[in-house]
Structures are given as structure tokens and as C-alpha cells.
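Taking it in order: structure first as C-alpha cells, then the write-up.
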Amino acid sequence: MQRRVSYIYAAPVPALLGGLLMAASQLMIVLVAPVEERMGLIQKIFYLHLPLAWWGLFSFFMVFVCSLLYLLRRDFFWDALSEAAAACGLLLAVLALATGSIWARISWNTWWTWDPRLTTTLVLCFIYAGFLLIRRMDMTPERRGGVSAALGIIAFLDVPLVFFSARLWPQTIHPQVVTQGQGGGLDPSMRLTLICCLISFGFLWAALLTLRFRLGRLEEVLNARLLVQEPETAGNHPQNNEEKNNG
Amino acid sequence: MLLRLDKVAKFYGRKIIFKGVSLELEAGRILLLCGANGAGKSTLLKIMAGLIRPDAGRAAHTLTTNGRLGYMGHQTFIYPAMNALENLRFWAGMHGLEYRASDLAALLQRVNLLPFAAEKAGAFSRGMAQRLNLARILLLEPELLLLDEPATGMDAPSRAMLEAEIIAAAARGAGIVWISHSLEADLPRAHQAALLEGGRLAFLGSATDYARLLTGAGA
Amino acid sequence: MIRAALLMARKDLLLLCARGAGLAQALLLGLLLLFIFSLARGIAEEFSAQAASAVFWMATLFCQVLIFNALYALEEDNGQRQALLMLPVPEQSIWAGKGLAGMVILLAAQGVFIPATVVFLDQDIQGGLLGGLRLILTADLGLAAAGSLLGALAQGRAARESLLSVIIFPLLLPLLLAAIRLGAEAISGAGLEEAENWFRLLLVFDGLFLAAGLALFGFIYNAQE
């Protein structure tokens, strides 16, 4: 409850590593990875698309885990972490959709197609955007924690159903689209580039997450400070409350 | 022991409202809970009622029958679209209590609302709604009464009726925690007093000691 | 718990019908949707069974959001929610009671929407009665379980209908897809190859939200503001 906000030094490490690795992996995308025969140059967007999608989905999984932990421990640490994970996940998932859409436009001549994976990712974006909106409602921190943890759990359990329903839905164009890019026979240099990209995006993700997490924790502290001036909950001993806040 | 709080603390996010609050209440005793606006009295009462959970410490009550807890908060808990009798009947049903119509009428008579039994509660004044709220609580034959400024909006006769009911409930063996905004008038009726100040329990003792403390400070 | 839930449902139905405004708003919005979508059809064009089914379930969904918002708003006039939470019954009976009341109203609303679909969208219902009934009951069970759980977000009037629908619609997508496909089958009468799979999906959805309601309702609906 009264943990200090001392995560300030946490973000630069993954950010620095992520930046360096990102530069390296960009070079690898240009210099090492070969141009794919059938799809041509546009296929290289895949090296951005896949890490974005994977880390985005991992973020959403993290929201689920943090939600469970919050309900078990009732510690706002997990609450703030789940918000940070949802925000980062939303950002990455939207970028994954955007890169995928550009790729689809060039190689299959359509911006959007009814594919289970695309649909599920889009619905995930909607769900977690709603999750972040609900958190902005006027609630006590305790209720916000409970509500968003419950939503985080429901959302994650709903995902398989969304995926299956999207797969059952009659598909008119391009069934098995995405598997083409990552099917079994990946060229070794392609695989190396992909792994490098995955790792560098992982660090980028970690840096974003830490920054967003710290922001949430600072917001908590700030809200506590602001509350002291509010007559309803603050009482008539502001100096006393101030003192305890630091403890 | 009817009600026991053990080192109870409550936060709002990172802000402390109060901490280290320990007190005990025995059956048949009236505890007057005092403190300035915003000291956290209402929050403490909600913790006693089990409405919100403390962030630290324990709050427990030992009622012989589950549900025999009467809580009067800032709001009246009245459905404005139902009449007084329907309101009582609904709450009795939800508590699993069997009441005849004549019992409910007698209850309304007790809080001087019988002439308005068939009127929509939405048309009631604050004082009348509060009396209906009192009737809803009396319905439960509570063993523990938690009253948050119950006299709000009541006129002088109603207030006298309320105080008589409180004293009668204590005489029947109910434990009562009472937040009152007319301290001088109600302190003599209480057995114990507690003062919530500066995020902690600044005073806990007999009501007469607290009255002496107050007059001493005033002099 | 069951007794309390039934009492709760009875009280809610009486209050909603007495107040009328919330109920009428939900019905009117659904009917308006059906009417407006009928404009999507070009002159001398046919409205496919699937399109009609989609519009019907959209109307149902909007209606559902309004219904559950109204049901939970009933407890906010004078803080009745707090008294409900102090009852000697588990809080899930509130969820069950409101879900039941909502399902009854939803079924009644669909009783209006079905003829409206036939009239405005020019449909000829060929499917069997039993299949249609099975679809509506299984789908409405899921809608009621999810609606009653997420409708509790409206506690303290924090979430307005618009915000509620933003949360609830993406989560309901599996149910919506299944209901649209099976609804198209019920209208056209043409057999659907994966009908049983869709039904299984509906049942899993119902199970998920019934379980979520039982397990998580207390975190969404409580005495906090």
C-alpha cells in the first residue's frame, strides 16, 4: 500500500538496450534478411509485424495475471501494473494491425480481411480500450482495482471464444493468409533477423511498460496529495496526513 | 462481545483516513462516535457494517442471527416508486422474514407513518423517509444498530421518537454505535464515547468522562 | 438465495413496468434500429436472411444494454445498493435476480422485434419454431448473465449507457456471431452445416458468463463509490 515510487532508474536500462538492439535489427532487416521471392520487399514489414503482435498479446496475458494477483493480494502494485500492461498492449496491437494492414494491401490487394487472427486482435483492441476507459471513470481506487481486475479476467477468458467464433464464421477471401509468412521453411538468416527483432521489441516493450507503470504510481501519489485539500475525506489535520504519506 | 475492531486502518488509495482503531462494544451499550467532518466516522461505521473492508486490522461482530444488523447511512435506502408498505414488505422478504400486514401497519404506526402507508415514498420529506428507514431497521429486530446521524431532517417529535427507540433497543440488549450531530443532547444517553481525530482514535472511554473532558476544554 | 433472487426479479419487473420510461426507451431504440436498417435495402433489392438476423440481434443488444442500465439504476435513488449488500444472502442473488428480470424483459422485447423484422425487413420466417426458440433462449441466457454482470458497472451512475456498450459489445462478439448465423438459419429455414458447433459455442459462452457472474460479481458490485 505504502510502497515508495522508486522505479525511476528502471526504465533507462531496457530503453537503452532496446534502442541499440533496435538499430542493429533494423540493419539486419535491410542487410542480412533476403528479399522474399513471392512477396517481394513488402515482406520485410513482417519483422516488425510479428514482434508487435506477439508482445502485444503477451501484454494482454500480463493484464490477466496481474488482475488475478490483485484480487488475491489487494496490492495496488498489481493494479498499476495491469493498467500499464493494457496500455502497452493496446499500443502494440494497434501497430500490429496497422503494419499487417499495409502488408495485406500490397500483397493481397485488400486492407482488411475476415481472418480469425485479425478479428481477434481487433476485438482485443476494442476490449482493452474499453478497459482503459473504465479505469478513467470516477471511482475510489479500491473499486477501480476490483472492477478492472474483474474485467481483465473476463476479457482474457473471452478471447478463445472470440477466436473460435471468428474461425467458424464463413470466410470468403483468403483463408489461411497469415501462415504463409511464418510457415515451416524460414530461411536461417530470416529466422535470425526475426529473433533479433523479437528481442529488441521485447526491450522496447519493457521500457514502455516501466515508464507507463511509473506514471501510474506517480499519479496515485499525486492524487493522495490533492486529496488532502478536499474537505470530505481529508479531515482537519492536513499536516498530519502529509506526514503519514511519506511513511 | 458484540462488536470488536482490532487495529483497523483505511486508506483512500495512498492516503490514510485512519489507522490503529481498536474498540469493543458489548450488548446493550450505546457508543457515541464523535469527530469533525471528514474524520472518517462514516467510513468507520461502514467498516463495522461490513460494507467496506478495512485495509488493515480486523472488524468482526458476533450476531446470533445473521442479518440482524441495522445500518442507517446518509441515504434512506427507500424505493421512491413504491409506497411505504411495499418498501417494508420488500425488505422483509429479502431478509427472509415473515410479516403479516397488521405487523407492518403496527410498525408504521410506531414511526408515525401509518397515515402515509399507501403513499409513494418518493413524495416523502427527508424526515419521513428517514422514519421509514428506521421502520425498515426495526423490522429486523437488530442486535447491532449502526446509526449515521439518524436524526437528519427529522422534526422535534420525530427526534424524540427516534431517541426513545434507540434507548428501547439498548434496553432490549442491542449494541448501538451512534454518530450524532447534536453531541450535547445525545451524550447523556450514551454509555461510551469515542473520538476520531487526526487519523486515529483520540479518545475512547465512558461517556461521562468524555463529557467532563469537553466541559473542561470549554472552560 | 433463490428466494431472494426471485423477489428481487419480481420487484424489478414491477418497478420497471411502473416507471415505464426505461423500458419504453429500450423498446423504441430497438424498433428504430430495425426501421433505420430497413433503409439500407435498395429499391427492389432483397434483404438476406443473414442481414435481417444481424439487424435483429443488433436491436436486441442495444435493448439489452439499456435494460440492464435501467435495472441497476433502480438501486441508486437512495443508496438501496448498500442495503442490498447487507442482506444475509450472497450478493450473487442480486446478479441472479437482475439477470432474470432482464431476461424476461429481453424476451418480451424480442416478441416485438420479431414481427418488426418480418415487417420492416420483409422477411418470411421458414425455420422451425423449436429451433428458433432454442436459439433465443440460449442466446438470451448469455446476454442476461453478461448484461447483469457488466450492467453492475453502472453502479453509482458512473458508467453511462454509451460507455457500457463500449465495454460489453466486444465481449459479446462470440455470442453475436453465433446468434446471427443461427438466426439466419432460423429465418431462411436452410440447414446450416456447423449449426451444432455454433450452439456449442453459445453454450460455452453461457457457461463462461454464468461462472464469471458467480465468481466476479462482488468485485464489480459493492458498496464502494
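Of note:
First chain written, first letter: the chains are A, B and C, and each begins at residue 1.
Methods note: a residue touches a chain if its C-beta (ideal position, glycine included) is under 8 Å from a C-beta of that chain, and two chains touch if they have at least 3 such contacts.
Keep in mind the model is a prediction, meaning the values are calculated, not measured.
Relative to subunit C, the most remote chain by averaged C-alpha coordinates is B. Taking the mean of each chain's C-alpha atoms, the chain whose centre lies closest to the overall C-alpha mean is C.
The geometric centre of subunit A is 47 Å away from that of subunit B, both derived from CA atoms. Inter-chain spacing, taken between the CA centroids of subunit A and subunit C, is 31 Å.
Our note on geometry: subunit B versus subunit C, Cα centroid distance of 39 Å, whole angstroms.
In subunit B, the positions touching at least two other chains are 52.
The set of subunit C residues that touch two or more partner chains comprises 222, 224.
Of all residues in subunit A, those touching 2 or more other chains are 140, 142, listed in ascending order.
On the subunit B side of its complex with subunit A, the touching residues are 11-17, 19, 36-40, 52, 55, 197-199. The part of subunit B that touches subunit C in the complex is made up of residues 46, 49-52, 66-67, 69, 71, 73-82, 90-91, 93-96, 129, 136. Subunit A makes touch with subunit B in their complex at residues 1-2, 74, 76, 140-142, 220-221, 223-224, 227-228, 231-237, 240-241, 244-245.
Across the complex, subunit C is touched by residues 71, 123, 126-127, 129-131, 133-134, 137-140, 142-143, 146-147, 149-151, 153-155, 157-158, 161-162, 164-166, 168-169 of subunit A. Of all residues in subunit C, those touching subunit A in their complex are 149, 153, 156, 158-159, 163, 166-167, 169-171, 173-174, 177-178, 181, 194, 197-198, 201, 204-205, 208-209, 212, 216, 219-220, 222, 224-225.
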